[in-house]
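In the two complexes that follow, chain A is the common piece, with chain B as its partner first and chain C second.
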Partner chain A sequence: MSKQQVYFILKRLLYSAITVLVLVTVTFFAMKLLPGDPFATAKALPPETIAALHAKYGLDKPEIVQYFMYLGNALKGDLGVSLINGRQVTDIIAQAFPVSFELGIRALIFAFIIGILLGVVASVKRGTAWDTGAMFVALIGVSVPSFIIGSLIQYFIALQLGLFPITGWSSEMSKVLPSFALAFACMATISRLMRTSMLDVLNQDYIKTAKAKGLSQKAIVWKHAVRNAIMPVVTVMGPLVAGVLMGAFVVETIFAIPGLGKYFVQSVQTNDYTVITGTTIFYGTFLVLANLVVDIIYGLIDPRVKLTGGKE
Partner chain B sequence: MEKEKLITLANVSKHFNVGNKKKLVAVNNVTMDIYKGETLGIVGESGCGKSTLGRVVMGIYNKTSGSLKYRGKEVNTKRTKDRFEYAKKAQIIFQDPYASLNPRMTVGTIIEEGMEIHNMYTPEERKQKVYELLETVGLNREHANRFPHEFSGGQRQRIGIARALAIEPEFIVCDEPISALDVSIQSQVINLLKDLQDKFGFTYMFIAHDLNIVKYISDRIAVMYLGNVVELADSDEIYDHTLHPYSQALLAAVPIPDPDKEAQKQLKVLSGDVPSPINPKPGCPFANRCPKAQDKCRQESPELREVRPNHYVACHFVESEM
Partner chain C sequence: MKRILAVLLAGIMTLSVASCGSKQLGKGTPGDDSAVLDLRGEPAEINSMKTADAPGGNVLRMCMSGLTKLDANDTPVGDMAESWDVSEDKKTYTFHLKEGAKWTNGEPVTAHDFVYAWQTVLNKDTGAPYAYMIYTMIENGEAVYNGEKKPEELGVKAIDDYTLEVKLINPVPYFLHLASFSVFLPVNQKAYEEIGAENYGKDADKIVTNGAYNIKEWKHDDHIQFVKNKDYIDADQIKIDNVKYVMMTDQNTKYNAWKANEVDVINVNGEQREALEKEGIEVKTYVDNGSWYLQFNTEKPGLNNVKVRTAIMNAIDTKALCENVRKDGSVPATGITPSGIKVNGESFAESVGNLVNYDPEASKKLLDEGLAEEGLKAEDFTITILSEDGASAQKEAQFYQEQLQKNLGIKVEVAPMPFKSKIAKMQSKDFDIVMAGWAPDYNDPMTYLEMFMTGNGNNYGGYSNPEYDKLLQDATKETDTEKRKELLVQAEQMLIKDAPLAPTYFSTGVYVVSNKLKGLTRTGFQEFDFTDGAEIVTEK
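For the complex of A and B:
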């Protein structure tokens, strides 16, 4: 790597850190604006108990002081303790995130491979039944939300046909349906994008050049066209990762998967400040990093994008 | 002296389907020979099918009907094997050097790929060959590791030429190789093409709309109108004895680089527009604009026939011009 590339990456890292700081600040204060109280349970507690609990968790101090305490602790890797069950937030994340991550990765790999394949087939066999079929599937994927896809495949494939377990996250078989449900929308986006991009590339003169050299159709498509057409897909991979992670909240709930999404939804329902803030920061940081990685990969795939940060 | 026929076209047509059972006739019944070592210029206005003809001859487009022979042997470009073998003999240089080079490949890879798929040389020899080719077209060997976007238009066209030469073809279609270049660079590329022809004995099919350059480089010239070859003759002959009414109008439109002569010139301006190539009417394609058109022209399509030695014209009433 050249000096310029290192400089570019350092600069992007700094920007990422600033983004995360803004995220922490906004999340922290937005949390304080929420009505309700984590200790407002169905059975009313005496005011002294609530005051004692507030004092214990530092909620009686001015908010700006709380903010800096939180920031200081977060820098040390301490995201606080759940106000509901007393577990360390970092523990919850460490335990639940690998499950969410695995689900996300499986979904992304699935979406990427099938999406690219569908897009390539549709573009090469443009105007035929292949094209129409692939784009019909893609249209369904783009327009139907994951919880409907999830429920439908649970009903038809798991319940009616009995091919896969209905819920859970233990055996390989049980992981197939949730990954598919999560991947579907993403796959549809990728295939549509890939088709458009391929149609554009296949009309380029350098494809005719490749044909003139005597290359077979297969070599032209995979060696010359796909590599050029894949750039827009790589560009949207960052936002798609975000989409997959957000979709995971719903899919994890439908398929009863013990992932981070489940804890996130629970913490919002119970006003568990530290868990909401902690998981939000964690997701946010993850997304910022995902986008950073995409930018760097972009530079590696496309020689014209110099990692200099000069023209952005 | 009987010249050796390299490429023989007989009644070659190319139609494109444009929906609703409409057919766009891009190339219509073209019959001609291309002799070894010659430069055949193809001229005509935009949309007359010159480039399509070049691509059909190259095998990039499959012809709709007719016969394409290479050294007397039929080439079926629909068959992958035929096309692969034919690609070794016939290459093409494209008009737009910005678009015709894959932006993700280094110049070295672009040039080498053709040799690679045709199993020419060992990998080390190929590297060496790439350097030689770059030097042949006036670039440096250091350029092999760069990407196309790092070059100027003229340099890219040189890369395009090196790319075509790599497979060591006999026949090269030059599809308006200079019209995307600056005037100052055009002559350099033209001279390079001429030098290469002297050195390696290439046969060129040179497609252009700049008539001065075509006259300069070509041994014979074919004039195309609406997918048809309307006149075909030696370069000097066609300029001195222009016989087809369309060719006359086309050549009269060439500016003369002398203001006095240019002012005296009587311009034959054609009336009307080029008719649509979609589902063309029967008869001579030029009939609706031809000053001499008669009923016969609107009913019967004229054949290309030899009216003077080696001078072919497709016109019913060409004798009145002679």
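For the complex of A and C:
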């Protein structure tokens, strides 16, 4: 790795840290504007009980003091305890995130392989029934939300056909449908992108040269075309990873999967301040790093891209 | 392409035919010594001193044993207590505990465990939401809570290891019922101190219990696995060895899981109930003691007039609401206290009688009279109904809107919002009418009536009637149970006449059970109870 590359990565890391800090700050003060109290229930608790609970969790201090206390603790790795269930936020993340992560990774692998295949097939067999079929699947994937896909495959494939369990995240079988439901939209994006990009590449002169050299169709497509056509797909992988990991809440609910999506959404509804900021910091950091990694991988795949911040 | 499609279709059809035969609806989960039930969500924490949520209460009922427990009819019977004596003034209870009961750490269950738990609840550092239940009821409670007296001065004493004396501030006719409630459960001091207050009840290995079942595994947001506690003092009455509580939140998922025999018990909604009944499945119901109503802001112009409020109350066809909108077995409300609440063994609602009478014409007349008194006219009168943002709440709100616009000719708007926002609006009195509901803490009308006393934290609409307050205060001091009941009946009649609220319906729990599970208790006070003789019946 050259000196310039190290400099580029360090600079990006610094930007990432600033991004996360801004994110935390905005989230912290915005969530305090949420109407309602984390301890409010249908039955009003006596004011002295509410006051005691606020004192216990430091919510009686001025917001700016709470903010700096929170930052100080967060830097030490202490994200506080949930105001709703009393568990350490770091424990909640440590228990729930691996499940969401596995679901996301399975979905991504699913999406990547099938998406690339569909895109390649559609472009090579352009104008045939294969092309129409593949793009029809892609159109459904892009336009139908995951909760519909999830509910449909749960009903038809799991309940009617009995091929997979309805709920849970334990056996390998139980992981197939949720991963597929989550992968669908992502797969559709990849296949459409791949098709366009392949069509572009297949019209390039060097492909014609390869054909003229007498190379087989297989070799031309997989050795020469795909490697170049895949670049735009890699570019969108960062945001796609984000989409898959953040969009899991619905799929997790439909298949009763104990992932982190629930905490990310419900903490806002229940004013669980520590969980709101904790999950935001966590996801924020994760996404910023995912984008950084994609940029670095990009440079590795395509030697034309230099990791120098564009000043060559 | 066509050939592939044909093969695929043929395969799917074969599979569908095969699976139809193998899936018996209502057969239940596999295993003849186990049952699976939907807990409807992750419990907050399993610490009896702090639990305030329904899933947490359901888990505690499985694994903890208090002074009393409720039988299948919600009547309190001895659990850790063998017997009890009540003093003449009904303010001192002396419980005699069963000897030989053990905690899961091997320690004996003694009267000291109750004293320790109740004192710890009153320590503000514990953060117990239900602390007020103890401090408003037990002698010196408030002073101990506020640090003016020492914990030892609280009116609960261990006379010896197996005798517990409790001194109440006023006679509480439902105290034995309350003694089964989570905040009154015992805690093993050694275990609590070893595990530490901050960690206690957060995981399966961080809780020490004394009840019918032990928690074997707690996979957060997924399931809790219970196994029968062989050391439980009444272990011979427990017939199912393994019970699993799964946590599902999506209503369709539950329904599919039940049909696929992945769970034995689920609650269903109105549509699912209709679908199941069409398939010939028996759907069960129980009165869950939920009382639902529209609460008025009695300080708003127009709504400050009792005639206007009464007109709104009697302009809503609650029968149509239950039959066409809710469709889940809910029944039209007759007052604020639902039919399942009993006083001296009789339904309190029956003693009170029906206080709500749907009559659109009379209501319209009354409304015009009331508005005229306030210098207003129906066509200029606009009110907003606050509702929660769930689909069923919004549907209900739209029904009220349609009824009031049609029957009274006033303009009604609906403002849906998240639960916590709704509560915030109620607390700041920033509403006209709010859709509210109440589930009882104990089996007595007081749990509903006291929230409309002047200054009560739940009296969001600002209702105040000194006569009403006095009736309730007298009832609190009254030792004669019949006289007390009469005072409460008068109070409820006065309340509905003053109409700070418009009762709408008493809710019902609707559920299906697989054929293998019998004898599960479900009532308004025990969402699930496996300890009243629930058993597995295997089909021959």
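The rule is short, and it goes like this: the second predicted complex is superposed on the first by the 310 of 312 C-alpha atoms of A that agree within 3 Å, B and C clash if a C-alpha of one lies under 4 Å from a C-alpha of the other, contacts with A are read in each partner's own complex, and residues count from 1 in each chain.
The criterion applied here is as follows: a contact is a pair of C-beta atoms (placed from the backbone, for glycine too) under 8 Å apart; a residue touches a chain by one contact, two chains touch by 3 or more.
Keep in mind the model is a prediction, meaning the values are calculated, not measured.
Applying the stated clash criterion after superposition on chain A shows that chain B and chain C can sit side by side. Contact with chain B, but none with chain C, is seen for A:219 once the two complexes are overlaid on the shared chain.
Once chain A of one complex is fitted onto chain A of the other, the partner contacts of A:95 are limited to chain C, with no touch recorded for chain B. Of the two partners chain B and chain C, it is C that touches the larger number of chain A residues. Using the contact criterion defined above for the overlaid structures, shared-chain residue A:151 touches chain C, although it does not reach chain B.
Applying the stated contact rule after C-alpha superposition, one finds that A:243 touches neither chain B nor chain C.
Judged by the touch definition given at the top, the superposed model places A:232 against neither chain B nor chain C. By the touch criterion stated above, A:208 is placed in contact with chain B alone, chain C being left untouched. Annotation: superposed on chain A, chain B and chain C show a minimal Cα-Cα gap of 24 Å. Across the complex, chain B meets chain A through its residues 55, 58, 60, 80, 83-88, 91-92, 94-96, 99-104, 113-114, 117-118, 147, 149, 160, 163-164, 167.
Of all residues in chain C, only 1, 12, 15-16, 19, 22-23, 42-45, 47, 50, 52, 124-125, 127-129, 131-132, 145-146, 198, 201-202, 219-222, 246-250, 252-253, 256-257, 259-260, 262, 418-421, 423-425, 427, 436-439, 441, 456-458 touch chain A in the complex they form. Against chain C, the residues of chain A that register as touching in their complex are 34-49, 52-53, 55-57, 81, 84-87, 91-92, 95-96, 129-130, 133, 151, 154-155, 158-163, 165-169, 253-256, 258-259, 262, 269-271. Those residues of chain A that touch chain B in the shared complex are 204-206, 208-217, 219, 224, 227-228, 301-304.
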